[in-house]
Structure formats: C-alpha cells, structure tokens
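Dropping a structure here in structure tokens format, bear with me for questions.
Labels for the chains are A, B and C, by order of writing; each one numbers its residues from 1.
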Amino acid sequence: MTLFDRQLTKPLPLGRTLFSYGMNAIAALSTALALLALLSILFEIFRQGLPGLKWEVFTSLPAPAGETGVPSGFGNAIQGTVLMVAIAALLSVPFGILTAIYLSEVGKTSATATIVRFVMSILSAVPSIVVGVFAYAVIVLATLFNYKGFSALAGAFALAVIMLPIVVLSTEEALKLVPQQQRFASAALGANSIQTTFKVVLASALPSITTGVLLAIARVSGETAPLLFTALFSQSWIENILNPTPSLSVMIYNYSGSPFPEQIQLAWTASVVLLGMVLLTNLLSRLITRKR
Amino acid sequence: MTLSASVVRRAITASAVTAAITLSPILTAIAQAIPVNGAGATFPALLYEKYIAEFKKKNPDITVNYQAIGSGGGIRQLIAGVVDFGGSDAAMTDEEMNKVSRGVILVPTAGGAVTPVYNLPGVANLKLSRQVLPEIFAGRITKWNDPKIAQDNPGVNLPDSPIKSVVRADGSGTTFIFTNHLSSISPYFKGRVGVGTAPRWTTNPLKGRGNPGVAALVQKTPGSVGYVEYSYAKKNNLAIAAVQNKKNEYLTPSIENTNKALSVINFPANFRVFEGDPSDGYPITGLTWMMVYKKYDDPQKADAVKKWVQYVLTEGQEVNASLDFTRIPADTANRALQQVQSEVK
Amino acid sequence: MNSSKAQSEVLKSESIVGGDTAWLDLSFAWFLQIIALAAIALLFWMGSVIFKQAFPAINTFGAAFLTSQDWDVNQLQFGALTYLYGTVVSSAIALLFAVPIGIFVAIVTSEKLLPAWVRSPLGFLVELIASIPSVIVGLWGIFVLIPILKPIQLWLHNQFGWIPLFSTETFGPSMLVAGVILAIMILPTIAAISRDVMASFPSDLRTASMSLGATRWEMICTVLLPASLSGIAGAVILGLGRALGETMAVTMVIGNSDLISASLLDSGNTIPAILANQFPEALDELHIGALMYLSLILFALTLAVNVLAMFIVKIFGFKHQ
C-alpha cells in the first residue's frame, strides 16, 4: 500500500467525526423537542377534549357553574366565533383587497404605496391586546344604532383590524403574480382599468387571494385578547349583534382558570372544536393553492 | 386556472350558505327578547347564574346576561354606561355614585361569607386566630410551622415550608370584604395593606382572576392560602380554615353563622354597609349588591330591569340558601324593591 | 426577472389609462388611493386614541413612569418597571430556548441531513405550532407544562439555589414557565424564516465547500450559517416582537405577581397580562391613563423591534439571492 493510497482512505480525524456526530445529535434533539411540544399539545387536547365531544355540546348553552348532570355545551360560543369572524371578514376583506389593488395596480413603487406597505407591516405587528383596547375606546364606548356597550360588532371590529394587514399583504403578493401580459391583453381589447382589474387580474388571482383570506380567518378565529373587553361573553344564544357575545376562545380562557372540573372539561372540548376549525381553514387554504 | 377559480367561487358560495345556516337563529330571533346585560362581581356569580336560568323560565321575553368580571369591573362598566346593571360586593362610594349621571340605586341581593382556604396535604381543620390571619396576609408570618400558627393548632403536623398567598388579580369585592375585616382586627395589616378592592399586597402573592381563579390556584398549589366566597370553597372541596370572631369562637361559614353576623347590621337608607367586624356570628361576612340605573332610554328596558329586580328580591331569595348565601332581611328587601319600582324609569 | 422589471417600467410610463373612459380610470385610481390612505389613517387613528387616553398618565408621571415599580390603584401611583421587566425577561428566556432550537430545526429542514420525504412534513409540523390559538397553548400550559416543569424547577432550586436565578422555591407558575411557553410559540417564526433564508443559499457554494473536504456540518458552520446570519437575525427579532406582545398564554402561566425578582422561579407579570386583567375595571382617569401608557410602551417596543427586523432583512438579508 502506497502512502498516497493510505491518505486517500484515511478516515476523518476523530475530532471532526465527533463534531459531526455531536451536531447530528444536537440537531436531532432540538427537532425532537420542537415536535414533542407540538405533539404533546395536540395529544393532550384530543385526549382531554374528545371524551367530552358529544352532540349536546353543539346544541346546548353552558350550564351554570357547579351544576352537573344537565346538558352543557357551547353552541352559543361557536355561533359567536363564526358570527364575529364573518363580520370581521366582511369589513376587512373588501377594504383589504381594494388597498392591495392600489398597491399592485396603481401605487406600485410610489411613495404612498411604500408608506402603505410599511404601515401594514407595522399594523400586523401591533399586539392584539392593544387592538382590543383601541376597539373598546372607539366602539364599546360609542353609541351606535342606539346601543352603547359590549357587542359582537366591537369584537368583530377588533378582529377586522387584525385581519386587514394580513389580507392586504397576501393579496398584493397574489396580484403581483398575475402576468403583465394579461393586463396588456385586456387593455388592448378595449377594457378600461376597472374591467381589467376585476375581470382579469382579480379573477385570475382569486385562488391565491382566497388562500390569504382563509389564512387571515384562521388566524383571527383563535384570537382571545381583542375579544376580552369588546365582545365580553354571554351565557345565552345570540339574538342581536349589538349585545355581549360569547366566543370559543374567551370561553376557553374563562374556564381554564375555573376550579370546577366540568368547566375545565368544557374548555378542553371547546379547544378541540376551535383547533379543528382553525386547522381545517388552514388546510383548505393550502389545498386551494396546491390546485393551482 | 379558470377551473380552479370556479372551484373557489363555488367554495365561497358554499361557505356563505353554511354561514347563513349557522347564523340563521340570529337572523330570525333579532329583537324578539329584551336583553338585560349585567357585569361585575364574581362573588355572587354562581347565584346570579341560577337566578337567570329560573327567571328565563318565567319570563321568556327577557334575556338577562351576567358576566363575572369582578366588582371593580362592574362599577367601571356601570359608570361607562355600557351595561344595564352592575354587580359589586364593595358598595359604591359617593364619589363613584356621583359619576353616574343617570342615577343609581344599590340593591342588596344576598349575603355571603368569605373564607380563607388553604392547600396543605395532610392538614385538616386548620385554625387561624385573629392575630395570625392578618399577619399571614401582611407578610409577617411566612412559614407554615410558625409558632403563632402552631399555638392554635396543637397536635397538627405543620410543614416547614413557605406560605404562598393567593389573591385576586382583578379589582374585587371579595377582596374588599376580606381586607375590610383584616384591617378592622389588625392595625398592622391596616398599615401595611389597608382596605380596598385592589390593595397593594406586600407578600408577592400569586394572583388569580375572579373567585374561580383564586380557588383554582389554591387547588393546584401546595403550601398556598387564599380567600374565596364560601360556595366556591364548598363546591370544590377546598380545605377551609376556621377563623376567630369577636367572641373568640372559632367558626367556619354556615348560613346560621352568616345570618347571625348580618342580623347585627343595620341597613341605612341607601343600603350601604361597611361592617368589618360584626359582634357575633361568622366574622368575614359581606353583602353583594346589584346596581341599577334610575333612568333607562327605553321604557321596555326599564320594565325588564324592574321585573328582574322584583324576581331577585322575592322568589330569587328562596334560591339563596341552596348556594349558601343568606337572604336579605325581608323588610330591607321590601324597601329596596319599592325604591326600584318607584324611581326606575 | 429582468423582463418583468422592464415591463413594469413600461407600465409606469404609459399606464393602462386612455380612450373615452379615461375619466373612469382616473376616478378609479383616485378611489383606490383614498382607500389606501384610509388604511394608513387607521394606524394613526389607533395611535391617537391610545395616546389621548394615556395623556393624563404621561402628564403626571412622565418618563419616571418607566423606572418606578409602584403600582398602587388606591393611591393612584403608577409605574411600569415591574411589567416592563416581566415582559422583557420572559421574552429573553423565550429567545434563549427558541433561537438555538429554531436554528437547528431550520438546518434539519433545509439541509440534506434527512431524505426529502421526512424534511417537508417536518417543516410543516413545526409551522403547525404557529396556527394553534394561544389560548389553547395556555390551557395546555396550565394543565401539562406547569406540572411537568414543577419538579424540574424544584430540582433547580435544590441544586443551584445559591445562584440568584434559582434562589426561590417555586409554586408552579413562574417566569421560567412563561418563557418556555413563549419559546414554543415563537419557534415556528424563527424556524420558518431561517429555513427560507438557508434554502435560498446557492447550492453551488454548499457543493464547493464540501468538495474541498468539509463535512456537511463543517460546511453548515463555516459557510451556510455565517452567510445566513443577517436573515436569521431578522427572524429572531421578528420572533422577539411576537413574544413581547403575546397576551393569553403568558397571562395564564406567569402567576400575575407584581414582583421584580432575580429568580426565574418566581412568578411575575407582563404588560399584556396586566392590561388583560385590569383594563375592564380601571375607573380612575389616571388608572386608565397608566394602562394606556403601558399599551403605548408596548406598542413602541414592538414597533421598534419590528422596524429593526425589517431593516436588517432589507439591508443585509438575502444578499446571496
């Protein structure tokens, strides 16, 4: 065996081998820890929550604390969450999409557009509890439609403020992906800018816009802090959007600190339902873009 | 591309339909029942939830909603005018009542006891004397095996571990009743902490939200001591410490003990009392109030509020005992009811 | 890349405006511009509403608010230090855990240490954490994490009680628990952005380094990580921003004690937590003002952190793209 051969087959020095193994081990450990946290959360929620998942939780109201043996559930909280997220989407999606159209079709690189983008990224970073404080000041304390007080509208307003930047930024990305040729082609056929924007650009970006909107919906469905002192909570069915309104997230928060086992059980079960809603929306958004 | 766009459009339509179905009860039920919204003390929350359920059976056209956010919150939201009635177990002060331009009537609804609860595995029937209790919550006694505690509890094996106090994170009438008592019996406590719905604690306590939050924290934390409204302690099987009254008897709360304490109290014209150390009965006793406006914009709402108060002060009082609350003495209840009937508009 | 840039230049100069309907196009453009300005106005509206309500407290306490730890509702004396301290320390603990783990997860999901069919679901799973509502994470924290960490905290106290960091006996809820919860919540942010940064690193450079004899890990440590540093820094700062403003999960596990303690095993309080607890009942103008002042500080803090992150990513980030 020549010296040259020996050098070619010489194994790595021990130190370098150990370094590789060591780093592999640390990387594996880190990843395992991250997964462990996730799996533990999911596992516990399903382990604790699923046994309580009966039909009656969807159709009943929360029973008074300490009363066992009566049907107890959170049908009203599901109603409230869906209602407030729907109103929030109704407020922020049109507004957000129009702002995004401005950014991608009109403003582009202008100073105004840059500022709008900057403001939107700041808005997306505002802590959600601060948004709740803001909504309390401008909606709860104001008299709207002859009503002053906690309401679904106030909660939805807070959620809309949180949704807006997500909708704007994701819609702009989606619009930017529409090839310029389509706009030119539309204009060449005599369309005005409104027709081009709505019939061509928006239409072809619709799937990715929907993805962004769905992600924003998934994000705000689980928000609690902005609802604490805007929508408050309620033990009864929703009869009016100008009234204190229950939500799944606030219910989980209220009952998580409860000493009553049946309320804690309800909090776990509500978590299964809320998590299911959020993950389903997330999944849906992924499916839509995958199709493209 | 076009295919997926149409798929999306269909999906949007489908979800809109789903949402409409989910929300249809709202759309059909709008303005059918008169809402009466309240918020405030957690102390009587268990009782009010029961009232509401019973009241709804008799008055399906009125929906009462009460959210337990703490007495401080009840007073604040009443002054802000964002609720129809508030709940508090610290009677509103004159200054606070002056801030309500619509006028306010205090309606006493129930009496209850605040009890110290603790979590010491293996230790039952703990007794805390008039000297010990304030000093624990003022931070002068810091270990469970302190000779002052041991003295009252002969034969009890007290651990050599620190005492962790648990108090309220929110402004609380329960805290008011508790600190009002401790300040009445201990100048040291009065100087260090004082009376209030949210006093400045000197023991670095853990803080829980509402009576349930304190009960849950004590339940989970060995070595802790807190204070809750009696029914929260009883329903959750928390260990209750006996306390000493003015006659130096060691008592735990019961309806008779609480009633005895309340019977020595005189209700003034505005129904406010601040008795910190009654001469007889269970010493840490307080009343809880519902605050209603004198003026409502909507006459229907004023009627609904009157019906609600009437229920609470008559039939509702029968429920009190089942949740270990005392009744409001009949003549006081009558007086309050008359004032509400004649002055609320 | 280049051609689309050229096209957008064309578009800018000639635009799609013209013909009989020019007025329609113009008014549409104006309409959109007004909408966009309204979006800007929203932020200013929010800022001014909060500032207006904070004003009594700003006027009364001024800058001393930041350094006072007095928070006495009865005496109307307010200071932010306790909450500022809790916010910063719990976030710092979160970074301590989340940064190394997040970077390793990013390496595992972007480098070819594992086959692709493992890597991409792995990345998906870690990002899944971000979609779990924080109140649910908090519920898990109360009933799972606190009991799990309690013996560890007791052990830390028994073994290392002489270090101020572990000098107090724990009762369950603590700054450490809050930090761990926050770490879990910001991990996906750090991991996902770092992975994108690393994935955009040209594979020629990887191959070049490894063909010169570097092992994969030597390549990662000497080539990939230094080159991705600014992007990772941006990711970390964005994670910090999220940690500072997180309310629910922290409120549920930190114990809400108004306490500045060197010990991480003590309970504490944060700005979002005190807001959630006291805002609904604050009565006095000065109390509301102090809470609003706190919101303003939190607002400013997260703003500064996020602008910094944007700045870093913009100036230094993605250089190798």
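By our rule, a residue touches a chain if its C-beta (ideal position, glycine included) is under 8 Å from a C-beta of that chain, and two chains touch if they have at least 3 such contacts.
Not measured: the values here are computed from a predicted model.
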Looking only at C-beta pair counts, which chain-chain interface has the most contacts?
A-C
Outermost chain relative to subunit A, judged by CA means, is B
What's the distance between the Cα centroids of subunit A and subunit B, rounded to whole Å?
35
Chain centre separation in whole Å, for subunit C relative to subunit A (CA means):
16
Which subunit B residues touch at least two other chains?
69, 208-209
Counting only residues that touch at least two other chains, what does the list for subunit C look like?
280
Give the residues of subunit A touching no fewer than two other chains, as numbers and ranges.
257
Which residues of subunit B touch subunit C once you look at their complex with the stated criterion?
69-77, 79, 96, 161-162, 164, 169-171, 194, 196, 198-201, 204-209, 217, 220-221, 223-224
Would you pull the subunit A residues touching subunit B in the complex into a rising list?
64-66, 78-79, 82-83, 86, 140-141, 146, 148-150, 203-204, 206-207, 210, 232-241, 243-244, 257-260, 263, 284, 288, 291-292
Within the complex, which stretch of subunit B touches subunit A?
1, 4-5, 7-9, 11-12, 19, 22-23, 25-26, 29-33, 35, 37, 39, 45-46, 49-50, 52-53, 56, 63, 65-67, 69, 80-83, 208-210, 212-213, 215-216, 219, 231-232, 235-236, 238, 297
Which stretch or stretches of subunit A touch subunit C in the complex?
12, 16, 19-20, 23-24, 26-28, 30-31, 33-35, 37-38, 40-41, 44-45, 48, 95, 98-99, 101-103, 105-109, 112-113, 115-116, 119-123, 125-131, 133-134, 136-138, 161, 164, 168, 180, 183-184, 187, 190, 192-194, 196-197, 218-219, 221-225, 228-229, 249, 252-253, 256-257, 264, 267-268, 271, 274-275, 278-279, 282
Under the stated contact criterion, what part of subunit C meets subunit A in this complex?
4, 7-8, 11-12, 16-19, 21, 24-25, 28-29, 31-33, 35-40, 42-43, 45-46, 49-50, 53, 100-102, 104-105, 107-108, 113, 122, 125-126, 128-129, 131-140, 142-144, 184, 187, 191, 215-218, 220-221, 241, 244-248, 252, 272, 275-276, 279-280, 291-292, 295, 298-299, 302-303, 305-307, 310
